[in-house]
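After this come two complexes, each holding chain A, first together with chain B and then together with chain C.
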Partner chain A sequence: MRDVAIVSFAQAKNVRRELDANEVEMVMPVVREAVEQSGIPRREIDFTCSGSCDYLAGQPFSFVSALDAVGAWPPISESHVEMDGAWALYEAWVKIQIGDIDSALIYAFGKASMGDLPDVLTLQLDPYYMAPLSPDSVSLAALQARAYLETSGHSERDLAVIAARSRKDAKTNPAAQLTGDFDPERLLGDPYLVSPLRKHDCPPISDGAAAIVLAAGDLARKVSKRPAWIRGIDHRIEAHGLGNRDLAKSLSTAEAGRRAGVGDGNVDVAELHAPFTHQELILRDALGLANDVRVNPSGGPLAGNPMMVAGLARFGEAARLLMDGQASRAVAHATSGPCLQQNMVAVLEGE
Partner chain B sequence: MSESTKPVTAIKAPVHLEFSYTAGRASTRFLHGMAEGKILGQRCPECGKVYVPPRGSCTICAVPTEAEVEVTGKGTVTTFCIVRIPSDSLSIDPPFTCAHILLDGADLPFFALIQECPFDEVRMGMRVEAVWVPKEELGPTFESIKYFRPIDEPDAAFESYKEHL
Partner chain C sequence: MGEHCAIVGIGQTKHDTLRIDVSVPGLIREAVTKAFEDAGVSWGDIDAVVLGKAPDMFEGTMMPELFLADALGAVGKPMLRVHTAGSVGGSTALVAASLIQAGIHKRVLTVAYEKQSESNAMWALTVRIPFQQAIVAGAGGYFAPLIRAYMARTKAPEDTGIRVALKDRLNALKNPTSHLTFPDVTYDMVRDSPMLWDPIRYLETCPSSDGACAMVLAAEDAAKQSPNPPAWVHGTAMRSEPTMFPGRDQVNPQAGRDCAAELYKKAGIQNPRKELDCAEIYVPFSWFEPMWMENLGFAPEGEGWKMTQEGATAIDGDLPVNASGGVLSSNPIGASGMIRFAESALQVRGRAGEHQVPGAKKALGHAYGGGSQFFAMWIVGSEQP
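Moving on to the complex of A and B:
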């Protein structure tokens, strides 16, 4: 295996509704920042890969117009995944492993505010039996939360504590959308949104963009004092039909975590793509994280959840802690699909 | 074959989504210009190319384009075709002429209709001008320009537009 590291990360501030900038104008500043931070001249980056979703943009091939943000003339080597940018990072990592390239720019963007996000997310469901019933994303998460709370012994109070901690930690994250000091007991006084979930158990709807630069071996060492090395990475998917899965567990996360080597050493910090409070607990269980592992010091998706971006941002936030020397070994996780259907886990280490 | 063994060959699964498109900063400036009968582009601070319509970025230098440049409605046909395929989504009946037009002072040709010109007289290098809708009908839309028509000027030399085909 070739050594591959994250050498830079940038992200736009998560906002509920970006009215001024279109996607290109959102992506361009973060791409520039990530490329500048990387120390690799733009034209020397071997490969560009992005993650976004046409259903969010409401237009086919919307990612093609986003290329205006990266300078695709003269022509560049480029690819795109209709997924969270974390999967674009995975594609670039594989390409580096094959040995074709030594560096890659990964970016992701999502402007959920242009449409009605719960309606859009319904279209990712099985089109024959589920989508026609239009179950929205919050209701599906609530089915999972009920299954988890009943089988795990955790309480709604445990969920409120996660929401309060996330928003508090997010106060130091300039990109976060939802921050502040909240008392879990008071949060529990709020009405249910979809029982057993209250508003604080759900992520905000966000517009955002993020970018990461990957570099292999010597190049990473040359451009970065403290690259965030990807020591293991894997992703697994579960059945499309929600009834075929045990919603209270995340077997795909457990398997990806095992293959990525999460349990092979001490974990200082984990950035988990858990848009709903109960999903953080499911992921903790699946990854076998010890109780003292700090989760989502950035505030996580509960403080800002731009679709197609929030997973890549977990990789960026985890890498940043390593590059800053605040942690030595971190877990980064990204999810896709309803109720944690597909999961990617990586182990990152500082120098 | 009984009802219960007949294959189900189709189901209906109608999808309806509504989106509020965000034009973006550069296009917003351009569209406001259209409402005033002006054509506004933007110049790249690095390579100097002028983009009309502006896209907010230079696709070559990957930098934001912020300097605004007003160009006139005069330009050159860089390439063209004559469309004979009918389509319900068109507001015009075929045959009609489509062209790439490079406005004077711009570095990016755009797609537009050519009218008031017989088909056998349309040519590369032909000089044209924008025909606007009446003043009271101007709006923040590209449709404020109805089409382009030939003007009485000598054809542009191929050298002057060969980079913009």
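Moving on to the complex of A and C:
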């Protein structure tokens, strides 16, 4: 495999409702910042790939206009996944592996404020057997949380501790939406949203955008003092039906983590795309992370969760720690679908 | 260029207005089962799945790859979902090919589909305010002015579109998967069909179809074990240009010209009209045949219509275009691009049946989307490059 690294990362501030900018206007400054940071002139970037979802805007082809934010003139080599931007990063990584190109721009955007997100996500379910029952995304996560708490020995208090830690860590992240000091004991005094989940166990609803530039081998070394090298990357999907898999485990994360080589060395830090508190614990188990591995120092999805962006942002946040020299080996993770149906895992290393 | 990639299995559904006999998973399985039979493989032989389709709103399911993971045998495997507007079927095949070319997988299943009977594509494709001014209705409303501009520029005979439609509708009679078939179609019948978006007549327009297309792509070793002759990928290319940009020429887009130039370079093609034996081009409205002939460099600028008028693009012409009957005959939108790619591969494998172009060795598959701004292309050949 060719050595490929993340050489820059930029993201918009996560907000509940972006009223002043449409999707193109959200993407444009983020793309500009990532490209500038990368040190690679925009016209020399070989490939562009994006991730987004029409259902958030409620209109077909929302990615078509977003392309205008990139300045695709003269015409560019470009593609799009109707998935989280992390999968766009994977597509670009594959393209670079072929050997014809050396760099790629990846961006993602999501403006959930244009609809009612839990209801919109219901339309992601099997249209014949599940969607007609209209379970919302929080209720499905609650089923998973119940299954996990009853088999793992963890308590609702453990979940509140994760929420408090995430919001506290997010205080140093200028892009975070939900920050502050919270006492887990007081959080536990709140009523259930959907038992066993309380409001703090759920991610905020966010509008956001993010961009990353990838570069291969010598180009990465030339433009970056400390590139964040992708040492392994893999993704797997599981059965869709919630009755067809063990919700308390994430077999696809475990398999992707094994193939990405998570266990082949010491992990300093992990950025996990766990929108709900209990999912962080499920992912920790699946990846076999030791107790001292720091998870989501950015605050993670519990501090800001723009759909289609939050997975790519995990890659960016993990890479930033390596580029800043704060860590030398990191795990980045992205998820898609109800109850962690699809998962991607990468191992990133500093120079 | 990376590892060699071959197409070893191809399957299509019977495309139709309303496939009420199958669900979405059933529609996909029909195409995949045929592709597996052709390739002599089964679910266990597949390393990864790449799915493509046009807007999710056509069927009303957001990110349908999630619920289709089971029907596509993707559980425990990597699965990607591509969406690049109308070119998506083509770019999906290119993403699948890149997984082989990068040396990551041995066999990849790629599938594209649309079940348009679940909604109304005409209005689904009409972008509404506040996203765009309400000035056009459907794709025909968008493309008709571009055709008008082409006619004004080239002074092409007014019946060029009719001739394209007649040719493609006659070709469709030779293809068992065709959605629209008019056994007694004539020049007069096309000419006298109702005008929908002037100058596009009813019979010069693509249908809305339910349908799917599947391909099994394989690395060199796996391709050499396959029971039927493979088609080899000689080159691939993608290009996109912006939507709102006054410098665009939407009649003869720069993105299409650049895409073709890179493609020919990669495939070592100097003279595409001479060196290619046939082409499957994305022609949703008849006039796009002459327009793309110029954009793809088969004809000098302003002279694409001559190829149609002279019969060069007929199945017995010097460059048969859309021997399958093309998008005018079957149009499950998300799959239409992949069908072009698959039909070009069928031709060089000698497995196109009644619509086989005799002795085809090298062929072009082409797809475009958006407002003529997204392009995906490949060249496949019977010989390993």
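The rule is simple: the second predicted complex is superposed on the first by the 351 of 351 C-alpha atoms of A that agree within 3 Å, B and C clash if a C-alpha of one lies under 4 Å from a C-alpha of the other, contacts with A are read in each partner's own complex, and residues count from 1 in each chain.
As a working rule, a contact is a pair of C-beta atoms (placed from the backbone, for glycine too) under 8 Å apart; a residue touches a chain by one contact, two chains touch by 3 or more.
Being a predicted model, the structure only gives us computed values, none of them experimental.
When the two structures are aligned on the shared chain, A:Gly257 is found in touch with neither chain B nor chain C. Look at A:Pro127: by the touch rule set out above, it reaches both chain B and chain C.
By the document's definition of touching, both partners, chain B and chain C, reach A:Asp68. Shared-chain residue A:Gly350: touches no atom of chain B or chain C.
By the touch criterion stated above, A:His80 is placed in contact with chain C alone, chain B being left untouched. With both structures placed on the common chain, the touch criterion links A:Gly304 to neither chain B nor chain C. When the two complexes are overlaid on their common chain A, residue A:Gly110 makes contact with neither chain B nor chain C. Comparing chain B with chain C, the partner in contact with more residues of chain A is C. After overlaying the two complexes on the shared chain, residue contacts for A:Val31 are found with chain B alone; chain C is out of touch.
Judged by the document's definition of touching, chain A residues 55, 57, 59, 67-68, 70-74, 120, 123, 127-128, 131 lie at the interface with chain B and also at the interface with chain C.
Across the complex, chain A meets chain B through its residues 18-25, 28-29, 31-32, 42, 55, 57-59, 67-74, 111, 113-116, 119-120, 123, 127-128, 131-132.
Every residue of chain B that touches chain A in the complex is listed here, in rising order: 11, 13, 15, 17-28, 55-64.
Against chain A, the residues of chain C that register as touching in their complex are 1-2, 23-24, 54-70, 74-85, 91, 94-95, 98-99, 101-104, 124-125, 127-128, 131, 237-245, 247, 253-255, 258-259, 370, 373-374. If you check the complex, the residues on chain A that touch chain C are 48, 53-55, 57, 59-65, 67-68, 70-83, 87, 90-91, 94-95, 97-100, 120-121, 123-128, 130-131, 234-241, 244, 251-252, 255, 336-338, 341-342.
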